[in-house]
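Each of the two complexes below includes chain A, the first together with chain B, the second together with chain C.
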Partner chain A sequence: MNVDAVSAVFREVLEIPEVTADSDFFVMGGDSLLATRVLSAVARATGVELEFDDLLDAPTPNALSKKIAEAA
Partner chain B sequence: MNVVVVGAGLAGLTAATELVARGAEVTVLEARERVGGRTHGLEVEPGGWVDAGAAYLGERHTALTALLAELDLKTTPATVAGASRFALRDAGATRPGRFPPLSAVALGEMFDALEEVTRLVRPDAPWLTEDAARLDGLTAERWAAERLRHPDARLFFSLFLGEMMAADPARVSVLHMAFYLRSGGGIRYLNAFEGGAQEWRIAGGAHQVCERLAAALGDRVRLGEPVLELHQDAGGVTATTPRGRVRGTHAVVAVPPVLADAIDLRPGPPAPRSTPATGPGCAVKVHLVYPSPLWRELGLSGWSVSAEGPLLSTVDDSPAGERAGVLTGFVTGAEARRYAALPAPEQRGLAVAQAARLFPELPPPIAFHLTDWVGEPYSRGCYAALFGPGDWPRLGPGLTAPHGRVHWAGTETSTEFFGLMEGAIRSGHRVAAEITWRETP
Partner chain C sequence: MTRHDRTVTYAELDAWVRATARRLGPEPGVVGVLTSRSADTVAALLGTLAAGGVYCPIDPAYPWPRREALMAASGCRMVIGEPGSAVPSGVRLIRLPEPPDPGMRLTRLPEPPDPGVRLVGLPDPGGAGFVAAAPDDPAYILFTSGSTGEPKPVVTPRGAISVVTAGLRELFGITPDDRVLQFASLNWDTCLEEILPALTSGATLVFHDHAYSGSLHRMLRMIDAERITVLDLPTAFWHELVHHLTAERAALPRSVRLVVVGGEAVSPARLAGWRALGLDTVRLLNTYGCTETTLITHAIDLHGPHAREGGPDDRVPIGRPLPHVVERITEEGELLVGGPALALGYRDRPEATAERFAELDDPDDPADPIDPDDPDDPDDPDDPDDPTDPAVTRRYFRTGDRVSRRPDGALVHEGRLDHQLKVRGIRVDPGEVEAQIAGHPRVGAVAVVGVPVAGHTTLAAYVVPRSSTTPAAMPADTTASLAAEVLDYLREHVPAHLVPHRITVVPELVHTASGKVDRAGSHRRYRSAAV
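Then we have the complex of A and B:
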């Protein structure tokens, strides 16, 4: 999943347009409930099942996209 | 204008206060020997109060926050930092924050499905939702069985509905679940502490709202007077209680739907306020009192979630600025019904033993309080009535429609923040405006 695709998921879940490659999900208003919806979208798109801590670790589209690639 | 208000909960007292301000004569008839209804305070140490009923609010609860400001009541944050304890699949786990040790992807799928169905519903008139018939005919339990594959999602779903609505998934329609979640601001707002519906508690207890409203109304409020009959004729309405009759030009019935139907109304209303499918929300609250919030020193928030009851979740509700530490345990849904039926010593034993398993580092509590809302004859359902399959199409259209001189209030008549304190207060404002408007030449 490339950075743009992850950004698109952030946008949809957070319901805000202004997400860049370096936007921090939790700073942009994400909480644990919304985090699970990011992870389910990632799993649907890639088959990769990440944990909540992975998103805490990699809270930007940039970082998360790398994490998905590593796990794939 | 001379109005008889039935019920001295938030809805009835808000309506009464506003009607008095608009120049009406008002009598409030309350069945219990106290005001407050589903808000109720318990004094766990001198000056230290906890909420046996409603407790939490957030910034979208604008009618409530405005009322708090008028009454000079303050809020206190409901969040406590620290790690949580979980007893879900594994015996016990301590985790930083509130995230449970379950598959995040499975929970995400559950919230996706809930979000989808919550968006479908028409919040101002759920019975007019497209596809209402299908959603109304389906119980939340069946919906979950069809939609949720992962066992973690199913487990969490029933805990979530218990926490949010005190509902047993087998007894609530998907339409009502979706409506309730939407009405309260959506799943995310309802679920959140910070920035959500559990942002604050009312310092000193939520019961003070009704106590202060009642104090200002003075002897207009009469306790221990359950209204048994409401008879209307061309000139007015007569309410009968075991102590006598009260006559008014209008009446406001501000009690839960099942209790409204228990009043002998003549002539009878065109439609009932509840049906056999209308279920009680089921909640028992227990309070475990400790000499101080000892768990905080151990880096724990007091928050726990368990798959097995009775205490499906615990939260730190220690009175702000006092010494005592209080863990509130929530027993909800089907578990509440089972637990409420047990003898008192067994109830206490089970709760204390579970707290000891969850928090083995704590000493036994120094006091224990239990509030059984399931068995309260003048509540019959908490947090609020649960509309079962078939209810919305039958009950929805008449939710706020006056029956002659009889007007309806109560949190279950508010499509905004249904089931919450906020909904109750909004219904009180709505009904006061309705009556004043009618009387304006």
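Then we have the complex of A and C:
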């Protein structure tokens, strides 16, 4: 899943258009509940089942995209 | 109780609880417990009650100043936790005994000394007598958000958990065949809805890491593999579950027969989504209650075999009172709750207690005298089985929730009378967060508001620097560094749910005509500045 695709997921989940490659999911208002939607979308697109701690670790589209590539 | 491949039988739990009580000693007072998501915390809870003590959960993930403040406010002299855990001076750190070996020999329990005595506690650590516990003796202390910046310690009596546990067993219909997922954090009262009805029914309480991983794919597979029958979920989490089941076309495992939700308003859209999933044999039960009224006071089946048509679902009802609950609605529409499940009050806070717990006359028939010759007189205050006795119902908790009644009798939540918010299902008073932020030396004034992000309530803070710098003269890097500083300061002092996701430094707050800070007005003026 590339950075743009992860950014698109953030935009859809947070309902906020201004998401860049370096936007922090939690600073933008994301919480542990909205995080489940990001994780579900990532699993659907890639088959990679990340956990909440992975998103805490890699809260931007840039970092999360790398994490997905590592786990795939 | 099971956790992955380890099982604790009832006999082993019983021995474990006794060993814990023995280690604490009789009447240990308030016992702080550094919680974990495991059977250990259940043993610590039951062991504390068995010893005649008062259980007080402390989240080890909280910053130290918060843990220290909670331990001080609880008055605990002992804390059960891992060796090396930090405790205030004067407080003794106690390690939980190891669970007993599987296959141990059981000894016969001693009989109560007097068959007429009703025992709330278990046989005392010495093995000879019993710890006497009365219904009015405190069972646990839990904290709720207070407007002054200090969390308020709610003291719940043993009689309350007895009556509510019995009521919930009935409401949930728990049997020994049930496998109840332990989902709720062990730091709040909801976990007791899972633990107590299950363990007093011979059911199995299931712990599993995949319940909290954030991956709903894993959670659903685990529910299937563990043959979970009862799920008790925060409403906000259930909303995400419905979204997931719909979007992924995933199935709820067939083992599940009851889904209990509570904590905030059920979204009509999510309820419609759930009803479209075809889960007609699964009970969906909405519940309402406050920490001060002990777990659940109102409930209603929203879908499944027991649900009945009530009215339009543009606002989903919170339900009807459980049998032990006495309810009143004031002229302003505030819900008052009375009955035997009320908390004793806030520990060491008589004013806060007097403000929220009201002594009111019996509304039904204050003039009706007690007939001393009629043993069934409903007004006899000495009848312990009658929850509507004037002597019991004279005390009410002011919930702060505005409600209305539907034609079918179910209550609908209309909003709060104060400014309290629900953040991830946890009650938050913005005043508490404001008081914490105001503790930062460079902050002059602050307003905290709830802001919806994708339908969830999050916190945003507007902060005015203490220095008298004129607004226009505030350099951008100063404001950015102050926001970051305040954020770091909060993370070192309060739990995560009290930390706003966004802090915006502003020149001044908006005030009302009477000179009070206008939180909503401040948000409206500066929201576009907050990025």
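In this section, the second predicted complex is superposed on the first by the 72 of 72 C-alpha atoms of A that agree within 3 Å, B and C clash if a C-alpha of one lies under 4 Å from a C-alpha of the other, contacts with A are read in each partner's own complex, and residues count from 1 in each chain.
The rule we apply is simple: contacts are C-beta pairs under 8 Å (C-beta built on N, C-alpha and C of every residue); 3 or more make two chains touch, one makes a residue touch a chain.
This is a predicted model, so every value here is computed, not measured.
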**Which of chain B and chain C A:L34 touches, first, second, both or neither** = both
**Message:** Let me test your reading of the model: by the given contact rule, A:F26 touches which partner, first (chain B), second (chain C), both or neither?
**Reply:** second
**Fill in**
Comparing chain B and chain C in the superposed model, the one touching more of chain A is C
**Request:** Figure out whether A:I16 sits in contact with chain B (first) or chain C (second), or with both, or with neither.
**Result:** second
**Request:** Report, in rising order, the residues of chain A that make contact with chain B in one complex and with chain C in the other.
**Result:** 31-37, 39-40, 43, 49-52, 55
**Message:** Under the definition above, what is the set of chain C residues touching chain A in their complex?
**Reply:** 212-218, 236-237, 239-240, 243-244, 247-248, 424, 451, 453-454, 456, 458, 501-502, 531
**Asked** Okay, in this complex, where on chain B does chain A touch?
**Response** 97-99, 103-112, 115, 187-188, 191-192, 194-195
**Message:** Touching residues of chain A toward chain C in the complex: what are they?
**Reply:** 13-16, 18, 26-37, 39-40, 43-44, 49-53, 55
**Request:** State the interface residues of chain A toward chain B in the complex, per the touch definition above.
**Result:** 31-43, 49-52, 55
